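Note that the chains take the letters A, B, C, D and E in the order they are written out, and that residue 1 is the start of every chain.
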């Protein structure tokens, strides 16, 4: 495996390249982009990618773009093992063994940071007692505790009902890494546990009972803010300011991944990523996430330029 | 001579032979499907069971199912499957049977003309719609009847009841067939002895139709066990060993569709586990179908 | 317990009446018209049926014999579209008046069908069933035995009462059906070609049985077999069918009279085999 | 185009033979035994059927007339479980030898059934279809007309050849079935009670037709109607049934002989109406 | 001994009769109730769908029309000039370019421009929706909600519009549509039909017309009955293992050409159609067998009687008479395929496809999958969209089924003519 020598390609061969790009990237004219783009992965990133794809189309892209919301793990699977997809959406960074797998099929994943999610720990708005949790309480809440009163004696002696993203999701991985030191065992052996890749199943479930609790991407909370209550962690609320200044403990990066070879042979993929990186900050708030910080975005742009170096 | 007259000797009708062979191969194809199902399910299940962390005894007796952390006991899934199916049967069998009795013994032609198409419509609605119905109607109904605190938002009762509605038209039409095929003479005999309509129905007609009816019920049970979309939407998404139908629990089919909906990683234990569960499902339903056929042939013999 | 006596009682409760004796009318048809939907099946049938006699209905196929027979215990109620005008009196009570329950009538006026139709249950249950739904409070074993004896079947089946009735021969099945009818103690038994599906030996056993039963019951029998009619019946009704396929009663007489001196030409033609 | 001539040719190709003339055997049955599964339906039937004669099969119901008839053109092959022992020779060729194609036999030995069963297609297609599957290369219009004329149906249907055959009357349908059979130019036509579903007028037309057709074809006809047998046939075979319900050939003679001087007692009883 | 006493006196008999009559009536009521219950279920089912398809929606505008042109509350009040100007000044540059490229703004109709401005400038979003029932009965609550949300605009929305049928998917429920799913469904059942019809009818002909009653044919028959009752999700597993995984090269089209520029991927229309083909095959076989059984034997006999071969008889006589019923049975089987969800979820049907499937090697989504996905979306308004899609699906099914009924009626009319 390993990256092959980039083939010498003439500059400016891509008709979609135009002037007026954002922050050093070449400009994209979607009207001149066609051909299909296959993406799959995180359900957290899904709404963002969906929004970007829609905008890409609205501005004239005439190809086929598919976005499967199957969880980060499965998304990497398709990208690095089956090699079915052009782009993997992920709500966690790629793991070493996934990079290994990708190399096996001659791919070299390139990471593009697209935004930040504040993982939201939520309860139903019928829940009047829970407002804040420490990280330790959080760990207990999602594993060994069986009633709310075990977390805090002042809380009702009612069974905890847990709704968490499925094991294939980046959210699950992130949470178990962040809260359980990468050991999913306690979380999965908890009582009254519901797991789903479908966040609505979680949203509906949490709405359904004052004693339910769950977590998922901030966007899903934002969509249902009228019926859900988000808990602050270690006393810090999930807000733009707290995410930006890094004090919210469950803030996590959102990525898309692609590969140099793919971007070169399927220029529509390069165009889409270019477009994505250029305009994601205009859309990310509307979707319910937070912009990534400028350095991270810039790293992505540089990676793009490096991958496509000499081809346009 | 207008028509050339060949000898009686066998003319080699090659194209007839070819056509017959092709048809025969087509007929064999269905055999191939069964073989395919069995081979695929057993092969992948074999991979599942050859995983060092899995063993058959643990699979059959374990009370926890969470492959991610090496818990491979399928009892919670099986239990939920039977919970939803039994609830479905508790609703579907009596209502379906009574509708069938009404159709066969009471309804006049006009009523039948209205009811049968109604049942057909009900039978033709995609199961996803029933799932949606469970989520948007049955669950809220149960929660307002029995209390929000007692009935979880996802629960096997709601899914089971809606599956009951889903299999109702099938039960009603098949049961009606079974009841209608009881010879008319038996009814006349019962009436001539001074039996009332209900006595005739319950004590003569139904017993005579019993094997046909039990075949129907078994088939309906098999259908309920294999039903997927309703449980995927309404029963819950976490394996749980509970007898309480107001609690969420995941069925075999629910698990398969959840795992494959999140896409299955190649060669992972998750991927193999859905085939192992598929095998269990196939064995259960296959047995029920076979028994059901057996029972209904017994029925036919009785009247010949 | 002396079940044999019981059977004898049942049969000898009434002394045999000779044909010459004046008989009481138990059923009277008055201007009966029966229709199936718009099809006029039987028109203006009027006749008296006498107690403890055997009355035979004969006539060509489709002339309405079965239709009239069924009207006597309101089995026609069970046929879609069947309607009746006129009166059917049973012991002077109008069977078709509003407040009469057909279920009760059928217990009093039992029926035996052309094709033997035992329930797919045990022999015992076949007999006990009718009694049970009608609230019989006596000893069931006794009832079963008595009924089977009356139907001349007891000796053949006494050792296999629990066996499924469908495993009996056709003739035995038919006698079982008669026994089952007797068990609910009717006054009248209607029989619609009870022997036409049976072989000659079974047929003659049924004929014998009819002659025995008439001592306790009034019997009306439809038959295609003229010989049978002349052998078993006291009275014979000859039905015919007109150009519209509507049936009517052509001639009704004491059997001897009708067969030896038919008044109507059609009757003569029919019994001499010219048509039908 | 002289289609009329063609029709005449077809009919007059062979001079009428009187019964007295010695006739050639066209079909010979030798010790034929036919079984349906384990049920022995016909035993040891041996007989010769003569060319350009009408042979009638008579006998009580269930004696195997249809079974023997179907064995002649191997229609029994199509019945599950039917097996034959013995020989059926057609022009001295064994129809049941291994290398014989039953499809070809049926073209030579056509068949007309009890219930008229035209194809649910136009009159024209009913006739043309058989010829077509048999690879007829001539003029179809001509063939249709000739065949319909031969079956005495042309005048009635010539204006509605495109009409669905099912809209014809029963008698017309049956003549159409005969025309359809003629159209593939068989040598023998087997008819299984061809008129029993028809009214008297249609029946007599079929009988006339049979008498005409025998000039060109050999005809074997099964009938329940003794009068019909005596009217149309030259030879009559009387089948009976034994105690095991197995059929056998009781008597086979020239028709006049059999009806006027039956040798066997059973034959006499049967034709005089004592049973059956 | 007077055994007739065992039945009790006349009075006893009558009072018992009274009781029996009552029991009879009670049970009759029970049967009627059960039947009404069945009808009620249907009504509720239909109602719950219709309920979500119509009703009030509270919308919020990202940009108020009044802020675009002073004093105008609604885009519909804009003059032509104002429309064109706003479009030029307010549409984002990318979108403006696409719009101008497709059709210059000056050439576009007012309606067109209004729609453009609404979608890209005013950008309405759904705050909350109410079902039809609530909309009609619970006006107070809706009022209260509106008062709390100061910028909310209330409209009565019919979610099942013409646009809905022809629009792409969208991240905004207001603009979501089912075109791609509809096309996906149609493609899938086309493949299903092409695959299952010939094989199904062929097998049925073999079993009904050719097979001798031996053990093999009994086994085949039993097998078909069993297959018809195998849960659909198992077919999904079969399809996943065979079509998506094992035959990936074939089903993704990569063995046929290099023009398929995607990395090989078995989750195509072909895989989906074949999977559903396997699923409906036994149903088609059974239905076709029923149709063939209904053909009277006399027809076959008369055909053989004039020297036709087996195939000539089958093709020339039996099939023409039974084709109506065969087609009816097939259509009913296809409508089953049209409603299937689970097997397609298992083989991995896609979720967001913005462009129509172009052939058998395209990725796809179908109506039931779309409904499933939408009902799993967090935004409440997608429940309304799902409801509308369900109605669309049911209309499609109704069209299919009524074509089956039309064929059946034609058949019975023909039969009546024959009689």
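Throughout what follows, contacts are C-beta pairs under 8 Å (C-beta built on N, C-alpha and C of every residue); 3 or more make two chains touch, one makes a residue touch a chain.
None of the values given here were measured: they were computed from a predicted structure.
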Moving step by step through touching chains, the smallest count that connects subunit A to subunit C is 2
So which chains are sitting against subunit B and subunit C at once?
E
Angle of the C-alpha superposing rotation, subunit C to subunit D, to the nearest 5 degrees
175
On a CA-centroid basis, which chain has its centre farthest from subunit B's?
D
Looking only at C-beta pairs that count as contacts, which pair of chains has more of them, A-E or B-E?
B-E
State which chain is most central when centres are taken as means of Cα atoms.
B
What is the distance in Å between the mean C-alpha positions of subunit D and subunit E?
57
Geometric centre distance via CA averages, subunit D-subunit C, whole Å:
46
Could you work out how far the Cα centre of subunit C sits from that of subunit E, in whole Å?
59
Distance between chain centroids, defined by C-alpha means - subunit A, subunit B (Å)
39
So which bits of subunit B are touching at least two other chains?
13, 135, 196, 199, 261, 263-264
Residues of subunit C touching at least two other chains:
103-104, 133-134, 184
On subunit A, where are the residues touching two or more other chains?
68, 82, 198, 201
In the complex of these two chains, what residues of subunit A are touching subunit B?
40, 68, 70-71, 73-75, 77-78, 81-82, 161, 166-169, 184-185, 188-189, 192-198, 201, 204-205, 207-209, 212
In the complex, subunit A residues that touch subunit E:
29-31, 35-36, 38, 46-47, 50-51, 53-55, 57-60, 62-69, 82-86, 198-201, 203, 219-220, 223-224, 226, 266, 287
Complex contacts: residues of subunit E adjacent to subunit A
92, 94-95, 97-98, 101, 120, 128, 168, 170-171, 261-265, 348, 350-355, 358, 362-363, 375-380
Listed in rising order, the residues of subunit C that touch subunit E in the complex are 5-6, 9-10, 101, 103-104, 131, 133-139, 142-143, 146, 184-185
With touch defined as at the start, can you tell me which subunit E residues reach subunit D in the complex?
212-213, 296, 298-309, 312, 316-317, 320-321, 417-418
